[in-house]
Structure formats: structure tokens, C-alpha cells
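Chains here go by letter, A, B and C, matching the order in which they are written, and residues are numbered from 1 within each.
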Amino acid sequence: MKNNRKLRLTKTSRTNFLTYLMVIVAFVVLNSMSNAGMLKSALQGQLVPICAYVTMALALNLTVGVLGELSLGHAGFMSVGAFAGAVAASAMRDAVAAEPVRLAIALVIGAAFAALAGVLVGIPVLRLNGDYLAIVTLAFGEIIKSIINNLYIGVDARGLHASFVQNTIALGDGGRMILSGPMGIPGVTKISTFTAGFILIMVTLVVIFNLVNSRSGRAIMALRDNRIAAESVGINVTKYKMMAFVTSAALAGAAGALFALGQNTIIASKFDFNQSILILVFVVLGGQGRMWGSIIAAAALTVLPELLREFADYRMLVYAIVLILVMLLTNNPTLKGFFEGLAAKVKKSEKGA
Amino acid sequence: MKKMIALLLALVMVFALVACGAKTETTETTETTEETATATAYKLGGVGPLTGGAAIYGNAAVNGAKIAVDEINALGGDIQFELNYQDDAHDAEKSVNAYNTLKDWGMQLFLGSVTSAPGVATSVEAQADNMFYLTPSASSTDVLGGVANPLTGTVDIERKANVFQLCFMDPNQGSASAQYIADKDLGENIAIIYKNDDVYSTGIYNSFIAKAEELGLNIVSTTTFTTDSQTDFSVQIADAKDNGADLVFLPMYYDAASLILTQANAIGYAPTFFGVDGMDGILTVEGFDTALAEGVILLTPFSADAEDEATVNFVTTYEAQFGETPNQFAADAYDCVYAIYAALQQAGATVDMTASELCDLLVATFTGGEFSYDGLTGAGMTWDETGAVTKAPKGMIIENGVYVGLD
Amino acid sequence: MTFLSHLINGISLGSVYAIIALGYTMVYGIAKMLNFAHGDVIMVGAYICFFAVATYGLPPIVGVLLAMVVCTALGMLIERLAYKPLRQAPSLAVLITAIGVSYFLQNGAQLLWSANNKMFPNFLNFGGKTGLSLFDGQLTISWTAIVTVVACVVIMIALTLFTGKTRIGKAMRACSEDKGAAELMGINVNTTISVTFAIGSALAAIAGVLLCSAYPILVPTTGSMPGIKAFTAAVFGGIGSIPGALLGGVLLGVIEIFAKAYISTQLSDAIVFAVLIIVLLVKPTGLLGKQIREKV
């Protein structure tokens, strides 16, 4: 028994190590291709969003895979991080000249605001279970969208000004509006870089792996596997659920800030229910609790619609079919068996040849 | 084993990713809009929502542009076009992907985005690449930049020198509407219903109220809706009715407007409805009872019922090819292609020029003061450094199911 | 009077949500899956009825029946191809598949029927009037609203009787309680689930026709937002509970209209969802949901 556990632990750390390695290799390859001008503009332009979506998928996997709670409103946290980060970066435009520093501060601010939202959402939400929890996260996502849609923020020499529902801001000389309700932030300065995205993914992985492999992480997973049993051995349910949920929200916020600062414009309705679902698809496709799976699924599914442009009008139809087929292939016992058998045969014949 | 499979799958995907991401010199097949292009054709690109909730606008623009390109190519002159429209699903992020795809294809001239929020994103990219940008219908001020915010008076976005609009800018429509209502004395008490999660609708609303205040118009009711609540308008209509509004201003697209007209009719409320160019198309909705739109006034540059030769030809061709009546988006895109065609001719451009060279040439032509273009959506259109078009908005009233020009 | 008018509008809107929610709740109760494609089946139903009536000139009732037949077939086909192979799979996998089906239906509809708006015809036009006029025309109730509410109540009663009295209905309840035990009792679980999908999809067709009669703009994305709202309504009332779906739907509609009328049109979406959250905090399994004791 003891032996068994030790074996599992080493296996986990090996997987973690391979995950880091995979991200580093992917970064080095893509970055050198990018520097050598070997990438098409289409992929080049997607590098930062891919990093943001990968981070989002990792963050959501912490909630769905590790904590075992379904969230249908993670785009809400992304939204909070995106707008907080972009407003901060815009307000600091003159104060902090160095772009990497500004980006780093914006990411931290995005994460902090999203964590705050995570606490506010988490307190009521985590009392619920299953699909009821899911619908409440969906509701929070919609509320956040609605609030940002009605928020106006401007900046002038005296500082930031905000108003809600109606734009009643009077700005002094040299002032400008940053966030104009439904028009969002039309003038984002792109400061996110692929390198920054890579660093964010690495940081996210470190945070998640350390959390999962710690005492707290084991408590969280015990809650997922059997809440009542965990509670009966004295695990504080609320504390550990909050820990995982808020960490997940903060990481989503950082991803949101990275995403926003890699765009020219962001609007609140971008971060809607469909966006939450999209990220959930990454997590489920990559495997719950399996971080490397999330990374690959997020990257592949972000690029996929672009690769399908050749199908023209049928593009999104093909995307839907691919999605259904992949879910069937990976989850249906008969099909999976067939698929595995096929793979084994191919492997055998390769060996033979 | 399961892991092996997944890994295998992943490797295939990663391989596909890198393989497809790598630059290849082979010419690619263009999608939907493949043209019989010669090697000497200008590569003309466009981005619009071809799928999703806004697909109707994008598809109309593609069809309109396609007709113009076919006509120009059929002339067999020096200037030939190859058209490529890419889908952005009305999303700013995807619109940049679509733009980059077009860049990889070798686009020389850009018809911009069809809708506003994506238009803001692609205009920034086009500015960075010095790519000529003439949008048919992305009417937000943020697409052009350099326009003062009507509420705060601040210039929040700097002017993008290579970006031009063929449609009216949102604030122009808002203030023109207010002016029109005041001049013609159309209503004493005005109600406004607008879509407050939409760039277009909010943009017009903001400038409308700024101008209305200046003109002393009496606004008695202001209500909103969003994409999520775009079904039931009973509250908004009741609010307008209870406050005694005799004119309801509807700065929105015709899908929502047709619901408002239907629901107002159901409770027997019949004020004057006043729309903007997004209202155009309401008469052509399949199954719409045009009696509901009787007496609706709208400011629009295009009318499918106009009897001039150009419009009749365009509408006939469009109906023959696509089985529908064209709306304003189709006409705008058609005009965009012809405006670029005319400017290329006047500037003496050649097809071997790079996108950046063409951009400099066309910007100089558009802002030179000597270029004007007569199209379906207006005669004598001109442009200046602001990027906005100057053309006269036409007031139209719907009578017996057709547009009748107001003077 | 204004209050009454708002209340009626709210009930009318809510009844549409309720009918959609009934479909959600039935499928959830038995198959334990959130069928996110339900909203899109509604859209297909509305299109079928639209073409039958507006293009081919068939009588409305034939259009509705045709829509029901097509949707039932479609629902069973989807269940057979996409959901049945995943019966043993984790529920999230089925959820994602349902989302894939939803994308497929939306994009398929766009390719088949174009993205152009269609104006759904108003069948309910008695004596040239579209509604019932009360108090000297101060209050108008549209026939559509009346029919929607009546249809909603009738369907709910019929479903309650069906699940309570008939053999297959009892089998459904047994499956929703405990699939394993039901199977041991000789109930064919697979057939029961298929039948549930068939009924749910037939309901979707009716919901589609009623939705589009009340709010007559028809596009390929017509079903998605009402679908999400109806899902919310189903949870609100207690998912799995048939009267709960009705109650949840109607309340959601009324809250939405009242929030717009008396608080703010700008913030109505946020208010609706805030109320939902508060209700779920007080009653964590919805208004009429069963309190399930966790077994240790």
C-alpha cells in the first residue's frame, strides 16, 4: 500500500515535469519561428490569445477538475481581470513608461480584482452543490457582464472618474474616457507579448502544481472525492473550497488582463456565457484534473476554427462535428476500444517495419 | 493506454498547428468568393460576420461586394479584383484573426469590417500595416478615431489616417436625426428606446441626446434593452405610451425595430416611429406585415425601391443571384468596391504596388479634395482627413409599404 | 392598470420560458443531463412551422403538428447518435456533446435557411383583432398570450398525469429515482430515456411556435437565449420538478418585466439573475426541488 502511494507520487511529479517541459519546448520552438519570421500572420496574431486561453483553461481546471465543482461563469472572472487590467494599464500610460512593468502591474491588478470577485461570488456559491452551483456561477457571469456594460470610467489630471448607468463624468483638460459602457475600451494599447504569456502559463502551472501537491491540495481533492468523509475527518469545507475557487478566479483574472492587453478593443459582451462554455470545453476535452490536457486542448481548439477557414461557409458546422466526434471517441467505450485497438495495431506494424 | 491515445492525438494536433502555421509560398484557395481572377488582379479583402447572430449583415455585404467585383471584372479593363471575405462572427478577437488570414493571402486593399466593434480592432491592425481601409458599415467613431466623444467632449482615440467610412458616422446620424425632428417639428414629446449593449445603438443615442438638449427637444422616456432581453418590449413601449410620447426614436437595427412595431401595434399604440439607417431592410423581412411600418420615418442613404437605373440594376442582379432583396449593407459594400475602383483609376495605381504604396496613393486621393463618387447610397460622396463621408442623408417615410422620399 | 398590464405581460413571457423549461426539466430528471441543444430544437420547430404555414400555405394546426413530428424525430436522432453512446460517460462529457449539437443545429440552420430574419406569422387573429380589449382598451391581452398560458397549464397537467398514471410515465419516474433498480425491475432504461427525449422534443416544437408567435423574429440563434433563460427557470423552480418548471418560468418572466418596469431597463438582466441567486441561497434546490438527503 505504502509502496503504491510512493509510486503514484513519483508518477505525478514526472507528469508535472513533462508538462513544464512541453510548455517550454512549445514556447522555444514557436518563439524562434516567430523571431525568424517563419510564422504566418494568422498564427502570429493568435500567440497571445492562446496563452490567455491556456491560462484560463488551467484556472478553470482547478475549479472543475481539482475542486470538482462545475463553473459556468468563469468568463466573468476573465472579464473582471480584463477590464481592471486594461483600465489600470491605460491609466498608467504616462506614469509607467516601461511596457513590461506596466503589463506586470496590470496583470497583478487584474488578478487582484478577479480574486476579490472570487471571494464575493464564492461565499454564497460554495454553499451549493452540483448543477445549482453551476447555475449560480452562470448568473454571476451574467451580472458581471451587465455591470461592466453600465460602467463608465475616465481619467484626467486629477485621477480616475467613474459613473454607473449614465455617463455623467466631467473630465478636465487632457482627460479621456477609458471605458464607455457598452462600447467597452476601444483604445487598448497592445502591450501583451508572447513571452509574457509564456511566463504567465509557467507561473500558473507552478501555483496549481504546488497547491495540488500540498496538504491543502490533498484536502481539496478529498472534498471532491467524498465531501462527507472529508468533513468527518475534520477538513474545513468552506476554507478549502474557497482557497481553490479564489485561486482559480485570480488566475482567470490574470489571463483576462493578458488577453485584454493583447487586443485592440474589448467589450463586456465578449465575456458571455458562450465564452465560459468555450473554456469549459477546453477543460473537459483535455481531461478534468489533467493540466497538460487543458494546455493542449486550449491551444488546439483556439487554432482549430482558424484552420477550418478553408471550409468557408461550413467552417463552424465542421467545428461542431469535430467537437461531437472527439467527445464520442474519447468517452464511448466501444468506439474508444476500437480506436485503441487501431492505435495498437499501427504501433505494432510500426515496430515490425 | 488512454493517455497514449490522448498524447498521440495531441501530437497530431500540435503537428498540424505548426505545419499550418508555418509560412508557405503556395498560393491558397480563396474561400466563398472565389473569382475568375487573372494574375493581375488587385487582392481585395473584407471581414464580416458570416456566421452567428449578426450573420445577416456580413452576408449581405459579401453579396453586395461580389456583384460589384463581378461587374468590374466583366468590363475587362485594367483594373481587376480578386475578392476574399473572411468570417469574424461579430467578434473583435476573431476579426483580427480574419484580418491576419487575409494578410497571409496577400491582401492589397481592405474593405474593413462590416460591424463596429470588430471594426475598431481591424482598423488598428490596418493602421499598423498601413493598409488602405474603407469600411461599408462599421459606423462607430472609434473606427476612424479623432472624433470628440459627444458626452464628454474628449478625443479618446487618435485619428487613424488610413481609415475611411462609406456609411454615416454614428454621431452624425444621431445629431442629424435630432435636427431633422426639430426642423420638421415631427414630435412634441419624444421617447427613445435603444440597445445599451451595442456600440452602434449607443453611439447614435449619445449624440442624439446631446443634440436634442441643444435644440430643446422634449425627451419624456428613455428605455433600453440588450441582446439578452431582445424579445419583450412591452415595458419600453408602455413607458413611452404612458409618458405621452408622440414620437419614438429607434436607433437600432430592423430586427428589434420590427418587434417593437409589432408589439406597439398589438396594444394599439401608434406614435410616429423614427429610425436610422439600421432600420432599412424592415420592409424586406420575409413575412413582415408592411402595414405595421406605415408612417415610419427613417434617415437612410439607400432604398431598394428607388427608381434610378443604378439601383434598379443592382437590385435586379442581387435578387437574381441571391433570391433576396438587398439591404443597405449590401449597397454600402457595393459602393465601397466601386469607390476604390474609381480612386484607383484616378490615382493611376498599378497592380504590382504593395499594400502600403496603394494605401499612400489612395489616402492622398481620398483626402485630396478632387475625388468624389456617385453611388447607390448617395451622389457626390466626398471624404476629408477625418475619414468620414460627406453625403446627404435622405429622409424617407414608409407609405403603402414603400419608401417615399421626404424633402 | 399599468401594473396589471405588466403582470400580464410578465406571465405571458414567463409561460414561454415555462414551456421550454418543461423540456429541460424532463430530460434532466430522467437522463440527468443538461441538454443545451434544447433551445436549438425549439428554433428548428419554429422554422418548420414557419415554412409550412408561410411558404406552403398549410393551416397553422398542420404546421404545428408537422413541427412536432420533425422535432420528435430530430430529438430521437440526436439522442441516438450523440447522447446514447455516452450513457456511461461522465456528465460533463455529455454536456459538451450537447453544446456541440447546439452549434451544429445553429450553423446547419444558417446554411439551410440563411441568416436572414423571418417574420413569424400571427395565426391568432380573431375578427381582425390580435387581442382581447378590456376596460375600454386600457388593457389589451393578446390572444397569443392567452393561448400560451393555457397551453402551458394544459401541458403541465398532461405531463403530471402522464408521469403519474401511465406505465411508461411510471417507468420514467423509476429511472429518475434509481436507474439500476429500475433496470432490475425489468424497465428498459434506454427506451425510457429515448421516449423522454421524444416527448421533450415534441414540447420544444410547441414552445418554438409559441415563442415565435409572441416574439415573431425568427433567426438561427432564436432559441439560444430563451434556452438559457428557460434553463435558469428550470433551476429556479427546482430542476426535475414539473410544477417547478412552470412556477420558475412564470416567476422569471414576471421578475424580468417588473425589473424593467420599476427598477431599470439597463440593469434588468442583472436583477433577474440576482433574484435567482438569492432564491437559491434560501432554497438551495430551487422552489419546488426535492431536498435530497445525502447518504453516508
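Quick note on the criterion: a residue touches a chain if its C-beta (ideal position, glycine included) is under 8 Å from a C-beta of that chain, and two chains touch if they have at least 3 such contacts.
Everything numeric in this text was worked out from a predicted model, so none of it was measured.
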Considering A-C alongside A-B, which chain pair is linked by more C-beta pairs in contact?
-> A-B
Max Cα-centre separation from chain C goes to chain B
Taking each chain's centre as the mean of its CA atoms, chain B sits from chain C at a distance in Å of 35
Approximate Å spacing (C-alpha centroids) for the pair chain A, chain C | 32
Where in chain A do residues touch two or more other chains at once?
-> 142, 146, 149-150, 313, 316, 330
Could you say which residues in chain B touch two or more other chains, in rising order?
-> 51, 196, 226-228
Multi-chain contact residues (two or more partners), chain C = 107, 266, 269
Residue ranges of chain B touching chain C (in the complex, touch as defined) | 51-53, 55-56, 59, 196, 223-232, 234-236, 238-239, 242, 254-256, 258-259, 262, 265-268, 285-289, 324
So, in the complex, the side of chain C touching chain A is made of residues 28, 34, 36, 82, 85-86, 88-90, 92-93, 95-97, 99-101, 103-104, 107-108, 111, 228, 231-232, 235, 239, 264, 266-267, 269-270, 273-274, 276-277, 280-281, 284-286, 294, 296
Partner chain B, residues of chain A touching it in the complex | 26, 29-30, 33, 37-46, 49, 142, 146, 149-150, 154, 167, 169-171, 175-178, 180-184, 186-187, 263-270, 287, 293, 296, 299-300, 303, 305-307, 309-310, 312-313, 315-316, 330, 336, 339-340, 343-344
So in the complex, which bits of chain C are touching chain B?
-> 2, 5-6, 9, 13, 50, 54, 107, 110, 114-121, 130-131, 133, 137, 140, 142, 214-217, 219-221, 225-226, 229, 256-257, 260-261, 265-266, 268-269
What does chain B use to touch chain A in their complex?
-> 1-2, 4-6, 8, 10, 13-14, 16-18, 20-23, 29, 31-32, 50-51, 86-87, 89, 91-94, 96-97, 99-101, 103-104, 117, 120-121, 123-125, 140, 142, 149, 151-157, 196-199, 202-203, 206, 226-228
